[in-house]
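Going in written order, the chains are labelled A, B and C, and every chain counts its residues from 1.
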Amino acid sequence: MEITEVKLLTIIAEAVLEPQLIEVVEEKGAGGYTITDARGSGSRGVRSAGWTHNGNIRLEVICTSDVADDIAACLRERYYADYAMVLFVTDVGVLRPDKF
Amino acid sequence: MEITEVKLLTIIAEAVLEPQLIEVVEEKGAGGYTITDARGSGSRGVRSAGWTHNGNIRLEVICTSDVADDIAACLRERYYADYAMVLFVTDVGVLRPDKF
Amino acid sequence: MEITEVKLLTIIAEAVLEPQLIEVVEEKGAGGYTITDARGSGSRGVRSAGWTHNGNIRLEVICTSDVADDIAACLRERYYADYAMVLFVTDVGVLRPDKF
């Protein structure tokens, strides 16, 4: 089985941001994305100490390290100050490399 | 805390394939699976350039490297040509090794 | 992009345990959590050989290795004997380290 090492970028954010997140992901050149509805708790934005337990989404993108960086930088600039958002990157091996 | 290194195989596919995916996962000897409903966008099958934003599922299996390979090989042979499907493998540490 | 290496602890458990899981996660000092609804199959508890295909949840926590250990130890002591539960840990890089 041929495996290609890539990055899985996971973005957990308020559901209201879904259209904006998709726009950024597509704009930065990711070949696709997967969204699941989620709920949770965490600190909300860097300007607020409040906590939320509202509708969240979990958006996953398989991409190169560079694309993950571009997406993260863009989201940080636009949304970190005002929205609850968590981004993390995992090393994964993809079994269908021709799709990315 | 005793940790055993295993593989987490994640399959993102069209929801219509759920019964077939479960059959393959069980046939290849995985001890269990977890499914979440998802949506997303990506290229659809190797025979088509179309894009979908339909109902997807995200199926996760914790298994050995060999079982992950067997599942992936089987899915590739049967479904890659005609269905949107992404497979990726992550190294994870399981905290309840006796269950796999 | 500054990245901090942390742990992603994923807990897959029967949905009925959601309030107890949240309590443990908060008690052990995690800064937040994300829950998605899931379904699946797997062996149920160490005292039973039965299988279930009931409502599950998938709870994710980004935390330090020590917090992951504390949560896992607590869950193992309280729930492993009687409930279906799978815990696994993944190394992830977080892009907003000030939030954990």
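Please note the rule applied: a residue touches a chain if its C-beta (ideal position, glycine included) is under 8 Å from a C-beta of that chain, and two chains touch if they have at least 3 such contacts.
For clarity, every value in this text was computed on a predicted model and none was experimentally measured.
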For this assembly, give the contact graph shape among line, ring, star, complete and other.
complete
Using CA atoms for the superposition, what rotation angle relates chain A to chain B, in steps of 5 degrees?
120
Distance from the CA centroid of chain A to that of chain C, rounded to the nearest Å?
20
Of all residues in chain A, the ones touching two or more other chains:
36-37, 90-91
Would you mind writing out the residues of chain A in touch with chain C in their complex?
10, 12, 36-43, 46, 56, 58, 69, 72-73, 76, 80, 85-91
Under the definition above, what is the set of chain B residues touching chain C in their complex?
1, 3, 6, 8, 22, 31-37, 62, 90-96, 98-99
